[in-house]
Structure formats: structure tokens, C-alpha cells
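Consider the two complexes below, in which chain A is the common component and chain B and chain C are the respective partners.
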Partner chain A sequence: MRVKAISRILALVVPVLLSLNSHAFAVSGKEEAPVRESVTAAAPAAPATVATSAAAPAAEGEEKPGDVIMHHILDNSTFAFEPFGEIHLPHLSVGGYDISITKHVVMIWLASAILLVVASAAGASVKKLSARQAPKGIANVIEALVDFIRVDVAKSNIGQGYEKFLPFLLSVFFFILVCNLLGLIPYGATATGNVNVTLTLSIFTFFITQVAAFKAHGVKGYLQHLTAGTHWSLWIIMVPIEIIGQFTKPFALTVRLFANMTAGHIIILSLIFISFILKSYIVAMAVSVPFAIFIYLLELFVAFLQAFVFTMLSALFIGLATAHEGGHDEHALEGAHH
Partner chain B sequence: MEGLGYLGAGIGAGLAVIGAGLGIGNIAASAAEGTARQPEATSDIRTTMIIAAALIEGVALFGEVICVLLALK
Partner chain C sequence: MLTSGIILLEGGLLNPNPGLIFWTAITFAIVLLILKKTAWGPIVSMLEEREKGIQSAIDRAHSAKDEAESILKKNRELLSRADAEADRLIREGKEYADKVRSELTEKAQIESQKMIAAAKDEIEQEKRRALEVLRNEVADLAVRGAEKIIRATLDAEKQKVVVDDMIKELAASRN
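Here is the complex of A and B:
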């Protein structure tokens, strides 16, 4: 048990340690190389005393912690498997648009592939069961999550006709969950820590919400919703607010998921870099490693929580859009108050 | 004078966290009280709590994103 824990700690810390000392980033990135050289060239010439402390690591061939952290967070086209070398992904461009396959794209594909395999295996094993048997193994895990999303998220927030939206909500939940968890594996990258990915996911929510509102109320009812049921003299204020409100919801979804996933990684890396900035083994043992592990475990929880929150809020927005005034008797939560 | 951007980013991040902490703390306190008074409503209270906390957190994260942009500019 203890050996297992130590090996996990090493798996977490070693890649970062190795990547710190390697020149791989500068050699691989064509744009980065000149910048680095200019930094090292400028360092001895810097006259100010303040600059020497900042320039000292650069002169030794290391990088500033901030640069390394940003390199880990941002998207690029190199998979660095540190001690074993690295994989360069091809550059593609069609009609002047850069559509090269990047690290996050590969992680999205990986997440989709994992989901396809796991979900179809679970589905196949559930189909084989008779009505009175309980599912076993992976199907049991998936069923617990699916049932949770179905009952506690979709049914309680959308109410009548929730079945239509269930495939979307389940897909989004499992996709975000797998993406979040893949980012916590060493050498992995968090695709949901990329604002483009989260924006795309919330645009899906936006369109589904709008279409559901149109279908539930018709054009007249949809326009009535924009007035929020107020007197006509207030429309000049209410209508712009309601229209902006339609767009802030998906924007908040975007930023929430993106910022949560990015912030966790920045915090873990920053905690590890404290020991490099202070150049002390005591700090590494007393602060960096234990706190980084604590934040890592917290991130494991956040991975589930953010997938749940995204799904829950999507369901809530759909429920708000499709709710009929006073038409529901069961769910007295947010949906009915609209 | 260039360091003032970093100063602003740091102070802004702290203020955003204070606001979010107070808000989510209030929600958690009320939820704990509500659960203690009415244990059968635990799951409803938890759902409402998570939604409200997520909304507050979203606003705080907007602030943090602005601070990060300031610090990285």
C-alpha cells in the first residue's frame, strides 16, 4: 500500500522535475528558441542588481517557472514524454486556416475513444442481463452515474419530457468527466482547460436551450418570455436584460469549467515550483509535495464536481426555458418560479 | 510603476476570493441549518446549495480571470 502511494507521488512529481531541467521545450518550439537565446544573451549585460537574481536561472539554461507553467497549461503540438523523448504532431492548414492537430485535440479523441469503448461495453453487458439481475463490474459503475444524472439532474430540473434531453446531458457529463480525469494523469493534458473546448460545449447548451424554448412555447410564447411578464412600460429595460441573459448563461458555463480546470493545474505546478524558486529540500518535503498531493486529490473531486455542475446547470437552463407558468405541480424548485 | 499591475492583480484576486468565500460560506451555513431542521429535505437542499455555490463561484472566477490577464499581460 505504501509502495503504491510512493510510486504515485513519484509519477506526479518526476515528470515536472525532469521537464524543468530539460532543454526540450526550447529545441522543439521554433518560435521559442530565439526568445530564449535573447534572454540568455541579455542576462550578463543586465546592469541592475535586481535583474541579476532573475537572470541567474536563465543563464544556467533553465526557464522561468511562469513560462514552464504556461507551457503546461496552454495548447501546443508537442507531446513531451520527458525521459523517453517526445511526439511532434503534424501541422495542417486548409485554406489559410490552421487546423493542426494539437495536444488537446488528441486528448479529446482519447476521451471519446475511452467513452465509446466503456459505454458500449457497459451497454452490451446490460442488454445481456435478465430483468431481475443486477449489473456487474463497469456496467454497475456506469449505471449508477447514468441513474444519478437521469433522476437527480434531468428529471428534477427539466420535469416533463426530460427524456429528450437525456442523451445530451449524459454525453456532456461523461465527456467532461473523462477529459478532466485525463488531465490528472501524468503526461496528459486537460482538454477542458482550453477555453475553445468549453465554449463549444456551452454553445451546444445554448442552442438546445433556445430550440427547446421555441418548441415549448412557440414564437409568441418565446417573445413573451423575453418580457419576463412585466408591464409594457418596463419592456424597454426588461427585453435587453433578458436577451443579454440568454448569452451570459453559456458564457458563465464556459468560464466556470475552463477556469476551474486551469486553476487547479496552475496551483499544483506553482506549489511544486516553490521548492525550485527557494532551492531547498526542506521546503520541497514540507510544503511542495504534501500540498501538491492535497490539491491533486481536491482536483480529483473537482473533476467530478465540475462535470456535474455543467450538466446540472445545462439541465436547469433547459428547464427554465421549457417551463410552463404554473403548469408544473411536482418540481417546485427553480423551474416553476420563472 | 510596472509592478503596480501585479499588485492590482494580487489584490483583485484576494478580494474576489473574499467575496466568494463569504457567499459560499453563507450558503453552506444555511444549508447545514436547513438539513439539521429538516433531514428529509437533504437531497433537495444539497442540489440547491450546489447550484447557488456554482453561480457565486462563476462570478468569482470572472474576477480571477481578469486578475490572471492582468498578471500575464
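Here is the complex of A and C:
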């Protein structure tokens, strides 16, 4: 074990030290200096598909690695299938607003299409099932996840009346999951790594939470909730805090999902680019590829985890908004109800 | 490293894009509505049904178990009662048999004693009768003998008195 670990560390360190005398060191040493590297020089040895697609924009020979990475993370209106060419997506504009079909829109549609086909197939096969038959195939997979969301996420966080929120929670879970997974496929893009998409999803959660709170407590109870049950002299502090608190929840959801999905991809691309920056096959074999694979597998896990976390927190916020709180708050709420 | 960081901020990672927000909202809303109908509705209702089914099966199993236990208890009670009944019957039968046996032996004893007594009486009577007959016979024989003797020597009357006296003496000594 120890020998293995040491050899692994050596494999990491030696190539780096070997490359230190190259001008790459000078480049990374003077951080402001643009990384003027002709990535094309190393491109034939590109070890991963992502890298090949990343290398192409550098055909001009003046591309910074950071630009290439951002090009992959960010939304744009061309769908690049690198060696085969690219598809330019149409620009649309309604009433002065730009509603172009971008790469992430296409990914969202793709995810929706996959989700609709798979989930509807599962729903149809479940419908055909009699009570004494065991489910099988894709219905089984979907059913296991649905049951997990239903029992461990919705029921345990929302409690009574969780059924109303179940379609939203299930949809958001599967939607995020499919988007996350599509981002891991070569040529794909992670729509959930775009802050606009995650913002929209958390706005859904926000509205559902607010409506649920209004329905559960009424207008008076809702306003009373904003005072957090404190003495009226504290309201001038408590009310703004509570109102801000209403918005921090969806904000946290937005940033968490977006940052997690973006970070993973940046790490994978950065690891690949280390080998281009250092211009070393040894680095590529010893660092970039194994670590990129490791992070890729981690991303696979994160795809499920973040979908779960988003759903879990949505359920939690809905549960908090609808719950009849105990303790000192209860008297105020009871007063509001009678 | 830092170059990437700067580009990250410059590159518009946080740029708002109303078009994308619009499309996401529309797409997600449509997906939500369609899936609610086609997928989540049937799947969730099936899960609930199954949950209820399993619950009722468990309940039924529990009630069946309770019932079986009560039946077992009743059976055991019945068995022990039957055992006690059988014991009692056997004991009663034995007692009755003892009683009957002792009664029978007693009766038989009484009967046999009665029969023995009757036989003794009869034997006594027979003996007495036989003695009477014997006495008469002996008297006649003696008389005839005496007659023959007396015919030869004495008259019969004197001889008879002598023999009668002798017989009376004999009877008295025997009784």
C-alpha cells in the first residue's frame, strides 16, 4: 500500500519538476502574463474527447486555456461537434427580449424529452400493472426513485399534505438529475451549471413555498410568521430579517446547484489542460487522465447528490413554511386561526 | 490558476440571460404538467395502493395470528377439561367396580353360608330320619331275633321289654 502511494506521489511530482525548466513555469510564475501556448502542438496526443473539443478553438494558436474552459462551461449559440463541424442555433427575439435557442436550451429540451419518454413509459407500464404483479424494467428504476422521494424526502420533511407537492418535487428531482447526467456525456453541456437555469428552478420552489405558506396560515398568519413571534418592539429588526430569509433560501438553492455543477466541469477541464500547459505526455498519463476520470466518477455521484439536495431542501422549505410551529409561536398562530 | 480565476469572473458565469430563464420556466412547467398526468399520478397512486395493500395484509396476518392463538388456547382448555373428565370417569368406574365386586362377594358369601346351613339342616334331618329308620329296623330285627330266642325259651313280651330298654339306653348315650 505505502509503496504504491509513494510511487503515485512520485508520478505526480516528477513530471512537474521535469517541466519546471520549460517556459511553462515562467508563464505560471508571472501570473498576469497570458498563457500563450499553442495548444495545437499537443493536440494530437489529446487523451480525452473533452480535450479534443477543447483544443480546436485554439487553432488560431492564441487561445488561453481559461477561455477554452469557459467556452465549455458557458452558454452559447453554437453546438460544436468538434471533428464533424458545428450547428448554429437560431436567434430569436420577442419584444426586444433575446430568447435565442442556446446550447443550454437545447440541453434542457433534450433532458425534458428523455424524461418525458422514460417517465411516461414507466407511468404507462405501472398503469397496466395489477396489484398482484411486481413491476419490472424501467418502471422499477423510476418507481424506486419515486418512492425514495415520496417517503424520505416529501413525507419526512413536509408531513401532512405532502401529496400536493409531490409532482413538483419529483419533476424537479428528475429534471435536475437528467440535466446533470447529460452534462457528463461528451458533446453535452450542463444546463444545471448555468445560473439562469438553477435560478428559474429555485424561483419555482420560492413561489410554491410562498403559496403553501399563505394557504397553510392565511394572510394574517403569514404576516405573523414574518415577525417570528417576537415582541413588537423587535419587529423593526425581525421583519426585514425574516423577509430577507425568504429570499436567501432560493438563493442558496440557486448557487449550490450551479456552483457544484460548474466546479466539477472546471476541475475536469483544468486537469486535462495541465498536460497542455506543461506540454508533457507524462503529466497527461500520470495526472490529467487518472484525475479527470476520478473527478468524472465523482461528478456522476454529484449529479445524483445535487438533484437530491435540491429536492430535499425544496421539501424542507415547503415543510418549514407550512408547519404549525411549536413553542412560543404557537399561541400567536392559534390566535390567528381562531 | 489565477488567470483562470480572473477569466471566470470576466467570462460571464453569472450573466443573466432572460431568454434562458424564459425557456427554462416554460420547459419545466410543461414537463411538470405532463409528467404529473402521465407519470407521477399513476406511479404514486400505485405506490400508495401497494402501501395500503401491504398494510392490510400485515393487519390481516396479525388478526389471523391472534385468532389462531385464541383457538389454540381454547383447544388446550378443552383438552385439559377432557383429560379431567376422563380421569374422573375412570376413577368413578373403578369405584363402582370395587363396590360391585365387594357387594357380589358379600352376597356370594351370604348365599354360600345359607346353602351350607341348608345342606347341614338337610343332612341333620336325613340323618335323623335314617336313625329313625335304623332304630325301627334294629328294633324289628331285635324283636324278631328275640322272638326266635323267646320262642325257643321265653315269650315275646318279656324279650321286647328288655330290648326296648336296651335301645333307649343306646339312644340316650348317643344323644
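Quick note on the criterion: the second predicted complex is superposed on the first by the 264 of 338 C-alpha atoms of A that agree within 3 Å, B and C clash if a C-alpha of one lies under 4 Å from a C-alpha of the other, contacts with A are read in each partner's own complex, and residues count from 1 in each chain.
The criterion applied here is as follows: contacts are C-beta pairs under 8 Å (C-beta built on N, C-alpha and C of every residue); 3 or more make two chains touch, one makes a residue touch a chain.
Keep in mind that what you see is a predicted model, and the values were worked out from it rather than measured.
Within the superposed three-chain model, A:166 lies in touch with chain C and out of touch with chain B [touch as defined at top]. After overlaying the two complexes on the shared chain, residue contacts for A:73 are found with chain C alone; chain B is out of touch.
Of the two partner chains placed by the overlay, neither chain B nor chain C lies in contact with A:185. In the superposed model, A:146 lies in contact with chain C only, and not with chain B. Within the superposed three-chain model, A:278 lies out of touch with both chain B and chain C [touch as defined at top]. With both complexes placed on chain A, chain A has more residues touched by C than by the other of chain B and chain C. By the touch criterion defined above, A:252 reaches chain B but does not reach chain C. Residue overlap on chain A between its contacts with chain B in one complex and with chain C in the other: 70. If you check the complex, the residues on chain A that touch chain C are 28, 31-32, 34-35, 64-67, 69-70, 73-75, 92, 97-102, 104-105, 108-109, 112, 115-116, 119-120, 122-124, 126-127, 129, 131, 139, 142-143, 146-147, 150, 163, 166-168, 170-172, 174-175, 191, 194-197, 199-201, 203-204, 262, 266, 270. Within the complex formed with chain A, the chain B residues making contact are 43-44, 47-48, 50-51, 54-55, 57-58, 61-62, 64-65, 72.
Against chain B, in their complex, chain A makes its touches with residues 70, 152, 156, 252, 255-256, 259-260, 263, 305, 308-309, 312-313, 316, 333-334. Interface residues of chain C facing chain A in the complex, by the touch rule stated above, are 1-4, 6-8, 11-14, 16-25, 27-28, 30-32, 34-36, 38-44, 46-47, 49-50, 53.
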